[in-house]
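First chain written, first letter: the chains are A, B, C and D, and each begins at residue 1.
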Amino acid sequence: MAAQQNRLNEQAQGVFIIAATPFSDDGEVDLYSVDSLTDFYLEKGVTGFTILGMMGEAPKLSEAETTLVMERILKRVAGKVPVVVGVSNPSNRNVERLSKEAMALGAAGVMVAPVANLKTDDQVYGYYAGIANLLGKDIPICLQDFPQATGVYTSVAVINRLIDEFSQVVMLKHEDFPGMRKLSQVREQSEKEGRRRISILVGNGGLFLPQEMLRGADGAMTGFAYPEMLVQVCDLFANGQPEAAEDLFNVYLPLLRHEFQYGIGLALRKETLRRRGAIRSAFVRKPGPVLDKNDHEELGRLIQRQDIALGK
Amino acid sequence: MAAQQNRLNEQAQGVFIIAATPFSDDGEVDLYSVDSLTDFYLEKGVTGFTILGMMGEAPKLSEAETTLVMERILKRVAGKVPVVVGVSNPSNRNVERLSKEAMALGAAGVMVAPVANLKTDDQVYGYYAGIANLLGKDIPICLQDFPQATGVYTSVAVINRLIDEFSQVVMLKHEDFPGMRKLSQVREQSEKEGRRRISILVGNGGLFLPQEMLRGADGAMTGFAYPEMLVQVCDLFANGQPEAAEDLFNVYLPLLRHEFQYGIGLALRKETLRRRGAIRSAFVRKPGPVLDKNDHEELGRLIQRQDIALGK
Amino acid sequence: MAAQQNRLNEQAQGVFIIAATPFSDDGEVDLYSVDSLTDFYLEKGVTGFTILGMMGEAPKLSEAETTLVMERILKRVAGKVPVVVGVSNPSNRNVERLSKEAMALGAAGVMVAPVANLKTDDQVYGYYAGIANLLGKDIPICLQDFPQATGVYTSVAVINRLIDEFSQVVMLKHEDFPGMRKLSQVREQSEKEGRRRISILVGNGGLFLPQEMLRGADGAMTGFAYPEMLVQVCDLFANGQPEAAEDLFNVYLPLLRHEFQYGIGLALRKETLRRRGAIRSAFVRKPGPVLDKNDHEELGRLIQRQDIALGK
Amino acid sequence: MAAQQNRLNEQAQGVFIIAATPFSDDGEVDLYSVDSLTDFYLEKGVTGFTILGMMGEAPKLSEAETTLVMERILKRVAGKVPVVVGVSNPSNRNVERLSKEAMALGAAGVMVAPVANLKTDDQVYGYYAGIANLLGKDIPICLQDFPQATGVYTSVAVINRLIDEFSQVVMLKHEDFPGMRKLSQVREQSEKEGRRRISILVGNGGLFLPQEMLRGADGAMTGFAYPEMLVQVCDLFANGQPEAAEDLFNVYLPLLRHEFQYGIGLALRKETLRRRGAIRSAFVRKPGPVLDKNDHEELGRLIQRQDIALGK
């Protein structure tokens, strides 16, 4: 069965694109654009998808819409690349329900961010251990470490303990900021202590992607509107060409840095995807950021400058 | 039509009980206990209900469960006292959908807490104005001002502006802490400036109820497991007996203070309701607080001391 | 030498009063009131002092004022009860300088809260270990665990590790909220694992003092304006009369709860001390809370009610 | 008198460098490096200095060190460029004392960040109004709007109100993130409403400098270790060459982005200044960031890549 063949594991690398969820201008899920965006990502060479994450506006979907989007993408992507489904939720029951639904529909694994208000190492460990036990060994888990959004800090010690105790923990979405030392520590401690090496994909819009690749990341899990750059950068690193990789990265850095702005970044990303023809509307569900005239002009100018730099 | 007769308005007073949502020990919604708890509250003399709030574990319910609980309580309470339904949600679409569903089922109004990440006065005002415009003049709104949980601070200026511009804003759930001066300011500025006087019901477990009544509150919106005390205190205040009211309040203060503890407070409240026979299980959905042996003994001792003080 | 005889140790118990710092109405340190307040505390039977803490407005003093206040109190208290000096500071150099100055002047030990922005167990441990190593074995340390003010959460595991590794860590000021389970865990794990038993004094205004004494606290470190109650409650607990202790505590609970309000609580405390004749002015340095007419009347009424309850 | 001639005003523009405070390896203030760093900044063409800010480790200095550093720099810079002195402090008395000391020594003005725990527009306004009234009309004030560090959000409405009511408010250090719309709003509302136009210098390490200049900023107030780039970029903007300005900016963007990392950014900045010969030691006072082997190599590689891009 397809779902089985595609199970997420520690070897995952490259670009797992954080997929936006396209809406029409009246706020409805736009299935036409879901399809076109899915194809856009596949054409750009992504090695995986992550859907229904925070930047996918998952908390703003109804349950039926969640299922609709999940089914649509999983079906379209089936057999091509693995899909990780974001299942973070205030209730463990809902995490379990969503995870099982996702896996049944062909997901490769699930991504879990901790609930708010976890403070100490024991509390963070306890939360993830509870989820891992609930989901069982057959559902691969990606830990989403994004303290800027969750308010929860996951220490290297906790990550290591989870790797040691739960074989289904196969991936870390590394999004602490600043977090590069953490990345090195996870890699170095695992090597030194003979620990299982999990996949680490980096977030924060890819703002430090070259540095993070050099520190042992396996790729990126982010949603920059030019995924082809992320793909090429990862490929160049895989081919032992870090300087060429970073040269390419730097051409896109001004726009990538622009999209990095929390909040309004999602609106900028969707608008860029719209301008590139990947989706029909840049609508973000309310309450959410809306671009004004200045924002549009500024974005246009940055895109134009990038096109010039790329010789377009 | 029943729903129309019971519309929430500025004259609301007394005790709007924050209703717990009872589960069985395996975590399912326990409809038998929903009924018995509803009856318990009614017997204790509450003047209103607030359901599906944070302490009602609303974010942990599925959509179907939300509807199930809402329908069950609204039907049982119909024609007796008004019911306010918590509809806070990251998406305005969901706020709208839930509000309309609640009103159609006979709710008296809705309670809305702001989404996270609103910082300035304009942002908080803008959020509530957006919701008020979306819901329209026919759905009465209670503003939930609970910065300890939401991280959002709603100023007196914003509250006044909302009162002035939206007739459907009829109630403030006052739960800032410390927040007594804010309460006085809302009252004094309204009086001085000829502003519409809205209902103010106080939260924070009722920890400052007598002081707040003297500052112009109309009652309490909280879920203390001895609602009969809250009811009697409000009645005594209404009858011009503030000293007797506070004497009674103080007998319960040790236990009320105990239940005031954020997080574990919900587990203590449910366990107390269970011991009083109002619900069959004190289960809190995970992740959530669980009482240990010390907690149980401590609670038992405090209840026993209270019973003695009450001459039981 | 006096300073040597009074060294803080694990046997500390009773009431270490958090001393307010009195100013005159124009904001200058009022040495007359420093003396009278010191005498007031001693007359009420406190077993120790904690000076220059957050509620002592230490961050608002100049260096010269810090020395002035420290010298004045240490001299007046010398030989009577131990004095702990708050030395929390953004710079380790300043912690060291203040600590050595305090010890040279006769302090019994120092109290240290963590700097902001420590997140994981390792970071919190690392901070305290750095301080402990810097100060050396001869300066007794009280850990101030007050996450509501510092934003830093100190886990039981970190506390235990510090106890195990640093003999100078002799006291925990327990002020997490809610934090009663933490208190029990420190006590139970120490007993089970044969760990050195340190002194635990509780804060949060004493709001849960009886419950905390039953869970193994050794007393209170707080600044409630009626220290005689705290002293008597601790004495009654020491004499095996927990019910009598709690009965007495509950008479003061309404006012204690009132003073518990963060921010304005300090102004209420100072005003109460002023009304009791312990200091000449209730001035709080700016920016800081100022009582208005409502606040004054409310406080007066609560004091009057307490006096009546006490048969005064 | 020199101090008078150099008073900060609304016409300030260009680069006000956030000056690092150099220490020797044992943590003492290194006056030799204070001098060499001052000269370094002047040689690079900065149009002003901002000293004793957060990135200048001001909270870690003793009072005597504060005076020492202030005197040393003010004397060396005297008559060349204006110097703004950071005077943020938990106590208004200390803000006043520091401000008067700074002005007496020849400072051009002071920079004030709000104290923590201000929440509503009225609270933020009230704080700044209190400070402005305390300092009087003769001490020019730069508002430091840096919510990521202070936790305080200053709305456009508050900024406008302060501009309208206090002529001494002449500059905004714009460091909200994301904050570009705020910058545009301050500019557009002032123009539309005939409000006094104040100087706006941008922070956040300059990460969005070109975009911010296009939105109406007058320059940068940041401490990037290559101030000559900031200077040239501002000059090019002043000369109507925004594209050339941004082309130059983008060459430095990879390193600038690297230094943008909160916390460790200061250590990276000081190490870069050390490598450039501007200071003798990159020591950061404890507790503070320390570079490890990875960090050093990574920084070296980025500097080398930048040198190559610059044709060095």
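Everything that follows uses one rule, which is that a contact is a pair of C-beta atoms (placed from the backbone, for glycine too) under 8 Å apart; a residue touches a chain by one contact, two chains touch by 3 or more.
Treat the numbers as computed from the prediction; the structure is a model and nothing was measured.
*Asks:* If you walk from chain to touching chain, how few steps can bring you from chain A to chain C?
*Replies:* 1
*Asks:* Please indicate which chain is farthest from chain A, where distance is taken between mean Cα coordinates of the chains.
*Replies:* Comparing chain centres, C lies farthest from chain A.
*Asks:* Please tell me whether A-D or A-B has the greater number of C-beta pairs in contact.
*Replies:* Looking at A-D and A-B side by side, A-D shows more C-beta contacts.
*Asks:* Taking the mean of the CA coordinates per chain, how far is chain A from chain B in Å?
*Replies:* Computed from C-alpha means, the inter-chain centre distance equals 38 Å.
*Asks:* Please list all residues of chain B that touch 2 or more other chains.
*Replies:* Residues 263.
*Asks:* Which of the residues in chain C end up touching chain D in this complex?
*Replies:* Residues 27, 59-63, 90-94, 97, 115, 117, 127, 130, 263, 285-287 of chain C touch chain D in their complex.
*Asks:* Touching residues of chain D toward chain B in the complex: what are they?
*Replies:* Checking each residue of chain D against chain B gives 119-123, 147, 153-158.
*Asks:* Mind pulling up the chain A residues that touch chain D in the complex?
*Replies:* Checking each residue of chain A against chain D gives 177-178, 180-181, 184, 207-208, 211, 214-215, 243, 246, 250, 253-254, 257-258, 261-265, 292, 294-295, 298, 302, 305.
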